[in-house]
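Scrolling down, you'll hit the structures one after another.
One chain, chain A, appears in both complexes that follow, with chain B as partner in the first and chain C in the second.
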Partner chain A sequence: MNGEALIDVRGLKKHFAVNRGFLSHHAEGTVKAVDGVSFTIYRGETLGLIGESGCGKSTLSRMLIGLSESTEGEIFFRGRKVDKRTINEIRTSMQMVFQDPYSSLDPRMCMRRIVEEPLRIHTHLSRAEKLERILPLVKQLGFSEDDLKKYPHEFSGGQRQRIGIARAFVLGPEFIICDEPVSALDVSIQAQILNLFRELQREKGVTYLFISHDMSVIKHVSDRIAVMYLGRIVELAGKNELFSDTLHPYTKALISSIPIPDPRIHTDMKPLEGELPSPLNPPSGCPFRLRCGKAMDICSSSVPQLREIRKGHYAACHLFDGDAGLC
Partner chain B sequence: MERILAIRGLKTYYRAKNRIVPAVDGVDLDLEKGEMLGIVGESGCGKSTVARSVIGLIDRSYTEIAGGTAVFDGMDLLHLPPKEMNRIRGARISMIFQNPLTSLNPVYTIENQITEILSVHTDMNKEEKHRRCIELMKMVGIPAPESRLKDYPHQLSGGMQQRVLIAIALACNPDIIIADEPTTALDVTIQAQILQLIRSINREHGMSMILITHNMGIVAQMCGRIMVMYGGVCVEEGTTMEIFTSPLHPYTEGLLRAIPSIADDKEELFSIPGTVPRFTYPVSSCRFAGRCPYSERGCTESEPPLIEMENGRKVRCFRYMEKEAAL
Partner chain C sequence: MLKYLVKRLLKAAVTIFFILTLVFFFTRLSGDPTDWILPDDATEEQRIEMRHSLGLDKPLIEQYGDVLLSLFTGDAGRSYNYLRPVSELYAERMGATVRLGLISFALAAAVGVTLGTVAAVKRNSFFDRFTIMLSVAGSTLPNFVLGILLVFLFCFVLRLLPSGGEDGALSYIMPVIAMAVAPMANIARLTRTSLLDVLRQDYLDSARAKGVPEHTVLIKHALRNALIPVITVIGLQLGTLVGGSVVVETVFSWPGIGSLLINGAKMRDYPIVIYGVMLISVAVTVMNTIVDLSYSLLDPRIRDNA
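Right, the complex of A and B next:
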């Protein structure tokens, strides 16, 4: 992928202190929710982020959008470092679409107020101007002008998700984080929303970070895919390379775990043994080694770093220590 | 093959404020001994209501079984006195629910909850129950069961909680297990483990199972026969191979085309337009007519009957009737 970097993340970490009891402030340990993550998102692309629950993908997205402060590391947006002073200037360029279309819309606001809210906060447009701004957008998303008076409960799940999308697009952002935007929806509605994301991207040239736990959805929407495990990116590659030339054993396991919707193709569904280890007490060395079929001695002593194994294809695994040609 | 459960014309209606919602509106279903039958459909299509009606878990204060029979071992489950139903539910027909954390009681230990069902349905003494409990936990793959007996549900991971629920369902060696979205709340790698477990229970113990899910991948890999539901009725039924390779009903076709696939690269996903409408009793048109690409005038005038072919394949569509007539 060549192009201009829109977002550059370097060594980002988020550690949470865990207290012993709810009255005690004595820290029992730290949870390394995100532990040293670096990647680049290029303008106009969709970067897919996949991982199981608890791997830190939501924490990462919250830091990117400034909803949560990082413990360590830097984020650059359009080449400028994001910190407390600059975050407010770039807020209008970044938006988020949330997972649950039921809890992410205020039930006491009508659709018009919900979609206009970003304009109310960030601009000084008059009532009529605001309406003028949102009308073409909501019409494009399949609503009529009468719908603007309705409240969230009057809409179906798919329609609510489209209201959330309208709200995210109304300021004309450059970057949108989609945090599991279709996982609460039925298959037929999911397809409508996925097509809509694509159509809007083609038209407005926005950049997406698309988070999902569903491999087939990620494959469908992304240009490149990052796989996270226990707070780290373990593999990052273009989507076709990731699926045809999978490097990391965890990615392999993820792909083979998906039941394929075709009875002629037999998925052996060879399950990965064990479960995600507790982030409070992660294994030494490679976080994946306890579930990995190919674990070696070195895996318990040293943490593998994310390195470019083939052109544009990064993996963090000691199996490829020999192929260190490119970096 | 021996038929273990025969449902005929099941009608379950919900009474809403000023209308009657036909959640299940005339469903026939046969379950053979040792088979794994899949029921698929989107939320609100009535698939869970079928299961809950059979096992007597519907709230009679607003729900009414308006007709039909469900014959199991010579008894009609729909019209059984509550006392007799209690002897069957959990012992001879048991159920695995979707959300393991809300299905388990947070203030009782695992041992308590597994042995509870043995106390109700068997006359085992304390020692026997304890042994059976450990045996069950081993069977469902809980490592070191002796040390887990005194754990509370919140101390277990989602996958382990689901295994406990499966152990409870298996406790009395039931004839039928109904699994209602058993893996929807789980991550893919854990989902693969649980599906593997369910498959081995079906094969090794010859247990008949009904698997309810919205995931076409899961039915493709797990079930021999599938019933597709829409708007409270069966729209198509056949072997998994038939349904996936030559779907007859436009809804099934749409569902299959709407799934993003890992195997091929489609620019645009096919999507079924609109959303699942709300039905009010009585329904006098094809329930899918409003969203169907092939719908004609006749489709809104009366409801097509469920046509059964010689090989047991069923479909509910006027288009198919016409084709048949032309032949």
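Right, the complex of A and C next:
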């Protein structure tokens, strides 16, 4: 695992100003969608990113791929800083698969044009050459040549997501962000798409950032897992580490939320109570303290920082203040 | 597709037939045309003779049959007042109406789509709010009220523009504005709403992620999809522009078919009214049909269901 760092994110923040008013703007406050996130993604691995809706997963991925600008912090891709000037060169090696296959394909383009578009922008291939490039990929993803003429509405959800995958892979990228790529699909199709991602990774050696709010999906695909809560990463560890030696109370709650398909096994599953606090008005100190069963006095006064508690296992929780440096 | 086309055309023909029937019976209910044609002191014999020469003494059903038949022979009869074939009268005046309609339409579509697009892209900006207010005002103000206000301002107060008639480029300014404002407002509002809807779609982000430049994303991906419903409205507006011109032409004494129709109605000139209403309803129906058909060309999702 500990190979070459492909993506390095340092102190990344995204704050949105909230405005109200007619004909004029009054700043009502700031939403800290992503609030100081740092992590590294190594070449060839799959980093799973999990968190509830609204915790900043998608905002983070949009900043990584340059769809939205960060308020603060830096992103490095292969050691090069990603900014406005370099993003276009990096585009060819960084692609994204979107959540909703029903809205991520332009309904007025046929499949061939959708899959070809990246080639049209970044290369000067002729029509025949482009077709030659996309055909093997399209066939590998289970389509026939005739399907290229069809429009998105003629495909099922799973097929549409495979078109989205074809589009992301057509330039031969090194890094692909998968933003909840299976959450809009039927459960029966989910496994098929997840296996497809793995197969493509084995074959082409791509690196994934795989975002989901479903712990069982994340467990299936990831090498390492980052847990996000209200704009911050609260725990980051290798998959087996995270499941066998869970540190953060929030991660524990997420793991206990995975249903076990056996009625004879009883778990002491305690569902999380309450909702994600409004990011416009987050609690003081630790953002999780209001829903945490182990909250202490210190949790309301100081924000716990993400620290390496054991080798390669990071957590942001005051429970482990004493354990720091024990690695 | 062919089956759909035939079905649409049949529907259009039935619609026009109904309108014609309605107009025929309404005109006959409106009173006796000889009141207008003959002087007040005309004798009863003169009236009977006049009615006979106009064919108005025949049974109603026979008159109705004649009108329907005239659609196929091309001879729509003579105007009672002008004493000339109505088709000739309308042909003479068609040009003025079509010129006014097309200029207003082009202006409404171009400005409307532009305003709507800019408003959507700069959502919640001052320009956006201003456009919304303007378009609400524009679509609620009736065109003849606007026309009269324009005449008052530019003609009586500022003395810059002629109050009516078709005489050079200047004479077009006020009628075009009066006709274009309402459709422009509707088109702008619809373009804005439709584009805002499309701007939320992931396929724009996926285009950006591929590296498509922002203006191409806006024009090729966003506008192309957003304009599908807009084109429907634009098409329908084109049809109603012909009908809407009736009022505006009267306000500006425009020498088009609208003022001819209004005068015909005032003087119970049956052939003029029937022919005029038929022309307008055919124009509207044809436009609607074209819009329906273009819809399926524009949107691949509708193409298959057609």
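Assume the second predicted complex is superposed on the first by the 319 of 327 C-alpha atoms of A that agree within 3 Å, B and C clash if a C-alpha of one lies under 4 Å from a C-alpha of the other, contacts with A are read in each partner's own complex, and residues count from 1 in each chain.
The rule is short, and it goes like this: a residue touches a chain if its C-beta (ideal position, glycine included) is under 8 Å from a C-beta of that chain, and two chains touch if they have at least 3 such contacts.
Only a predicted model underlies this, so the values are computations on that prediction, with no experimental measurement involved.
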For this session: Using the overlay on chain A, decide if chain B and chain C clash or can fit next to each other.
Result: fit
For this session: Examine A:Gly322 and indicate which partner it touches, taking first as chain B and second as chain C; both and neither are also allowed.
Result: neither
Exercise. Looking at the overlay, does A:Gly79 come into contact with chain B only (first), chain C only (second), both, or neither?
Worked result: neither
For this session: Scan A:Arg264 for contacts with chain B and chain C and give back first, second, both or neither.
Result: first
Exercise. Who does A:Ile255 touch here: chain B (first), chain C (second), both, or neither?
Worked result: first
Exercise. Just chain B (first), just chain C (second), both, or neither: which does A:Glu117 touch?
Worked result: second
Exercise. Once the two structures are placed together by chain A, how many degrees is the angle at chain A between chain B and chain C, based on Cα centres and rounded to a multiple of 10?
Worked result: 70
Exercise. With both structures placed on chain A, which of the two partners, chain B or chain C, ends up touching more residues of chain A?
Worked result: B
Problem set entry | Per-pair minimum CA distance [chain C against chain B, superposed on A] in Å | 9
For this session: List the residues of chain A that touch chain B in one complex and chain C in the other.
Result: none
Problem set entry | chain C to chain A touching residues, read off their complex | 124, 126, 129, 201-203, 205-212, 221, 224-225, 298-301, 304
Seminar exercise, completed: Within their complex, chain A touches chain C through residues 19, 22-23, 62, 65-67, 88, 91-92, 95-96, 98-100, 103-108, 110, 117-118, 121-122, 151, 153-154, 164, 167
Problem set entry | chain B partner contacts - residues on chain A that touch it in the complex | 52-53, 156, 158-159, 186-192, 194-195, 198, 213-217, 219-220, 243, 253-267, 269-273, 275-276
Problem set entry | Complex contacts: residues of chain B adjacent to chain A | 42-43, 157, 159-160, 187-193, 195-196, 214-218, 220-222, 240-241, 244-245, 254-256, 258-263, 266-273, 275-276
